[in-house]
Each structure stands twice: as structure tokens, then as C-alpha cells.
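Note that the chains are named A, B and C in the order they appear, and that numbering of residues resets to 1 at the start of each chain.
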Amino acid sequence: MLDILSDYWLLLLVGQFPQGPLGGIALTLVMSIAALLLAFPVAVAVAVARTSPIVWIRRAASIYVTAVRGIPLLLIIFWSFFVLPLVTGINSSASVTVVCALVVYEGAYLGEAIRAALDALPTGQTEASRSLGMSYWTTMMKVILPQALFNCLPSMMNQFVLIVKNTSLAYIIGSQEVTFSAHSINAQLLTKPFEVYFMLAGIYFVMCYSLSRIAKLVERRVERKRSGQLAVQGGRNSTLARASS
Amino acid sequence: MIEFVNVNKWYGEHQCLHNINERVDRGEVVVVCGPSGSGKSTLIRTVNRLEPINSGSIRVDNADVNDRSASVNELRSRIGFVFQQFNLFPHLSVKDNIALAPMNVHRTPRVDAIEQAMKLLDKVGLRHKADAYPAQLSGGQQQRVAIARALAMKPPVMLFDEPTSALDPEMVGEVLQVMKQLANDGMTMICVTHEMGFAREVADRVWFIADGEVLERSKPAEFFSAPVHPRAQKFVSDIRS
Amino acid sequence: MSLESFQVLAEPDVQRLFLRGLGTTLTLFITSSVCAYALGGVLVVFRMSGRLSSALVAAFVEYHRNVPSIVQIFVWYFGVPQLLPGPVQTWTNTHLGPFFFAVVALSLNAAAYISEDLRSGIRAVSTGQLEAARALGLGYIKAMRLVVVPQAIRGAAPALINQALGLLKATSLALAIGVNELMYVARQLDGETYATFPSYLTPTVIYLVCTLTLMFIGSRLQRAANKTR
């Protein structure tokens, strides 16, 4: 395995770049980051819509989430592949298509994570803010979302790990990320499929495991801040919470 | 200042407010007390429309609280509300907690809002905590900040929903002190509270509520020494023991 | 993307194609589910019995959590046969097709997640329950079986139902190694007839019907389980 790694490390890392488009691990990470950044506003919108006081907005968002969660990501990728050129008029690359598919996908999943964080906030926060005369939107922007988004940072990091894993499907429509590189290597070597694919598994493992560890650290910091927040809600445990945090 | 006219409220099948007809004049301090589940919290929450009512009307400073065509935010900005659970905003410092609403509702410039916040913190004795975060404060301190936050909107009337019930006993006094000072300064207040000492010292009138009805309304001295209604009598004797 | 292309769905050949694809998907799903839940339960038991077995299970779980499912399928289908000794490999190549390896990969993957969900469920049951059961004289295993595990499963039920949903959707990955499940069939049809919209709308509808049914069954199970509280 190590000799395969030393022979093909460049292909695995950046694909055929600069002789071709960016590929390999670099493309995996670029796609993942792009998907997370673009999906984030969609997810926030979905989460706010899911908790909206207006019925039809709530329902529309629920239908979107149920539909996306009800079909495989692969199917969403195929839909994006043929719908995107029709909608935008341009034939975008496989990687861009996959990023769009992931944005639709994560809009629902990340949206649910943010919604859970919104629901978990004590109603007292909304009540206090509205009682001061602040409007629904001001309350959302200045009081509710800042807290909810901070609280769901661990979930967001977990979603990022999932995104990285999901980019492995991109090769099916022609994107040259790291799974594609592995297929190329296997096609060349032919006699060492186990080494090639186990090495691929190893590459993903290293990436995702490191990201999960970082996510755990973030989670610990958020937990510490949040136990302080419990003290803000009042109750006999307020002094106790202060003592423990 | 505040008027309840034939106010009724149902929660599903259960009627939680029965024909409430009361008024609070400017500068008056009214204490609302009663057994738990009597509807006293519900009553006070209808005043700033945190709870809707099914029939009747409530007027604050001559504005109908449930007028659908009027801005509820505008109404609420003129009513101060202090919660049992304080509900400070944990992600903002103490002074930002107080300055937030004036900046966003009255469009007060930040400099002025902060200056006002510091003055209010002086008033409640917490200027030194201006840059602290709510999680670093004790319950009593948080509640005093909550009172300052409500006062920042300069409301003509303040509502208190069991402000000391969630506090450890040694911190109750500091909050009551602030409330007494407010009353002495002439604020119109409705307080739902169990603190009978506060009622005796500061209240102009006591309303006794049980099962969603105001059964007795009298001056504190009379209420605590010689209640008229049998349920009020039981309540007062229960408090004593 | 014209509406005439939908006529292709009226052809009995096409309908049979999709039905076979659906059949394969469901067979994949049910086989993998049975193996996954059984194995998941076994893994939890191992997790709680001793330092070495706990570490092994933890490693197993971490591998399946951090490696994409499709890569796991590749390792099993392309990689593992290479490791087998000569005669075994020949037997495997002739008798075990991609369906078998897809089931293996999907089951192990799901089992890892299921064992974690069960573990969380067990941890969520307050220690007081176990203590009370032991105080009554029940042995550890009896106490776990009669008191803790039923409550753990009830608590973990939503997560476990989610795993089933995930597994159903994961069967679509078997397309990558040539299994004739729903997505493979859809792609095949699209390639032959260029009727893209109906080719992909059909599996979309089918998946939605299946997942909604699963969610419905799941919520019914949950309600029945919670009634005995």
C-alpha cells in the first residue's frame, strides 16, 4: 500500500492538475467547503421557515425537508445533473453539479439541525425580546439566531464530515475527486484492488476522523458556554450552575 | 392607566379568567396574589398580549391591547415586563442586554443607549457588572438587570410576574428593594408575588384571585388582617402558618 | 423534457423493469436490515463486556463512521476477494455476485450505527433503574434484559427507525457495483430511451412512498411502545 501511495500521491492529492481540472483530495475538500458555505444560508432559511408563525411557509418547508430526506442523495445528484442545465442554461461541470446537489441535500439536513437548535432555545428568550417591543425579525436576528447558530456548531461540524463522505458519489457523474483517482489507479494496477481501495478508505478515515475530533473540541466549548446559559434562565440551580461552569 | 373590562379567557375547555373587571390608576401599585393555578400569571400576561383573551377588553394608557390594527410591538415597548425566569440574553453583556431594545425599537444611537444603560445600572446598584455576561451573575443580580432592561424603554407601567419566586431566599431582598424604590418614584405597577411583606409595605391595593376570578380587592392592611371572602381568609391563614 | 416521453412508462416491459428494480431494492433492504439490527445488538453486548472487546467494537464503529459507504462497498466487492486464498476466491467469484457483497457492506455499516444508537439508548436509561433492579435481587443480565434494554430500545426507537430509512436509501449505492436495483434500472432506461424525466421521476416517487411508509410504520411502532408506559 505504501508503494502505491508513494507512486500515486500526486494523483490522489490533486488529480490531474495542472494538466487537467483539479481533482483528488483537493477537489474533495473544495467541493465540501463550497457545499457547506452555500448550504448554510439555505439551511438557516429552511429552519426559520419551519418555525414560522405563517402556516403555508411552515408547510412548504416541511414538504421540502420530507422530500429531500425521502430520496437517496444519488437520486438528487442525478436530478441536478439534468435539471441544472435546463434551469441555468449552462452545462456546468460534474463537480459544480454535485455541489448544487449537496446544497439541496444539506439545506434539508443542516436545516433540521438548526431548527432543533431554534426549538431548544427557551421560549422565555422570545417572550422577553417581544415584551420589550422588538419585532419578530429583530428578535430572530439579534436574540434567537445568534444563540441557536452557536449552539448548533457541533451539529454543523458533523454535517461537514457527512458532506466530505458524500462527495465520494461525485465520481459517478464524472467528477475527478479522490474516489475517481482511486478508480484510475486500480484500472492501471489491476492486481491490487484491496490495497487501492483500502488505502482510499484510509484517506477518508484520516480526513473525517480529524474533522470529528475538531468537532468534539468545538462541542466541548459550546457545552461549557451553554451550561452557563442555563444559569441565565433563573431557577434554584442558577448559583449551582455558576459554580460548576 | 390599566383597565380590564369583562375579560374572559378559556384554555380549551377550562376557563382560566372569569369576568375580570378591574382598573389600576396612574401611580398605583397593585399586588396580585392567590393560590397556585389561580390565573394570576395568566392575568398579568394578557396585559402585554403574551396571552390572548377570548372576550372583553384590556386598555393600557387608553390603547386597546388586542386591537389588531395597532402595532403590538409599539404597545409592548410602552409596557415593562419582568419575568420570573429573568430571561436575560446570554450571548450579550449586561449593558448590551439593556441597550438592545432602545437601539432597535426607538432607534436610539448606541452611545446614548449605553449611557442610559449605565445610569439604569447605577439605579439598580450594578454598574460594576456592566461588561459581565449574565452567566457570571447571581440570580438576584440577573433579575435586577432584567428590571433595568425593562426600564430602559421608559415605560409608564411595569408588570412583574413573580419576580422573586425563582430566587434563593438571600437574594430576594435586593430585588424587592429595587421594586420598592420604583414604587416610591411613582411607577404604576402590577406585581404578581408571594412576598407579603412587600405587599404590606408598598402596595396600594391587593387583588386576591382564585380560580380565575378576582374575589377580593382591598388595601393591604385590611386584606392581611381581616379578609372578607372565605377563600381569602383561608389563603391568609395559610400564609401565616 | 417533453410530456410525450412519459408514454414510455405505459410499456409493460418498462413497468416490469421497474418492478424488478424495486424488488431488488427491497430484497437488499430487508436482508441488510435483518443482518444489521441483529449484528448491532451483538456489537452492543460486546461493547459492554471487557476492555478489549470494547476497543475492537469502537474501532469497528469508527471505521464505518469515517469511511463513505460506497468506499466500503468497493473494499468488500473489489478488494476482499483478492485477499482470499486461491480456491476460495474462485468459488466466490463464480457464486457470490455483487448483491452478496452489497448486503455485507451495507449491513456492517448500518450495524455500526445501530450499535451506537443502542449504546446511547442504554446510557440514557438512568442508573437508578439498574440499581433498583439489582436491589430487588435480579442478576445483572436479567436486570439488563428485563428493565434496562426495553427502556433503552424505546428511547433509541427514533434513531433506529432513522437507520432503517438510511439503509433503504443506501441500497441505491449498490448501483456502483452493478446490482440491478431501482437507480441502476432508472439509469439504464434513461440511457436507452432518453426519457430522462420519467426515468428518474419513477424511482423518486417510489422512494418517497417507501420512506413515508417506513416513517408511518415507525411512528406507529413508537406510539404502541409508548402506550405501555
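For this structure, a couple of remarks:
One rule holds for everything that comes next: contacts are C-beta pairs under 8 Å (C-beta built on N, C-alpha and C of every residue); 3 or more make two chains touch, one makes a residue touch a chain.
Note that the structure is a prediction, hence the values are computed from the model and not measured.
The touch graph of these protein chains is an open line. Of all chains shown, A has the CA centroid lying nearest to the centroid of every protein CA atom.
Between the CA-based centres of chain A and chain B the separation comes to 44 Å, rounded to the whole angstrom.
In terms of their C-alpha centroids, the spacing between chain A and chain C amounts to 22 Å.
With centres set at the average Cα position, the gap from chain B to chain C is 55 Å.
Residue positions of chain B touching 2 or more other chains: none.
Contacts from chain A toward chain C in the complex involve residues 66-67, 69-75, 78-79, 82, 86, 161, 165-166, 168-169, 172, 179, 182, 186, 191-198, 200-201, 204-205, 207-209, 212. Taken together, the chain A residues at the contact with chain B in this complex read 122, 124-125, 127-135, 138, 142-143, 146-147, 150, 225, 228-229, 231-236, 238-239, 241-242, 245. Across the interface of their complex, chain A is touched by residues 48, 50, 73-79, 81, 83-91, 100-101, 104-105, 133-136, 138-139, 142-143, 146, 149-150, 153, 166-168 of chain B. The part of chain C that touches chain A in the complex is made up of residues 1, 62-63, 65-72, 74-75, 78-80, 82-83, 165, 169-173, 175-176, 183, 186-187, 196, 200, 203-204, 207-208, 211-212.
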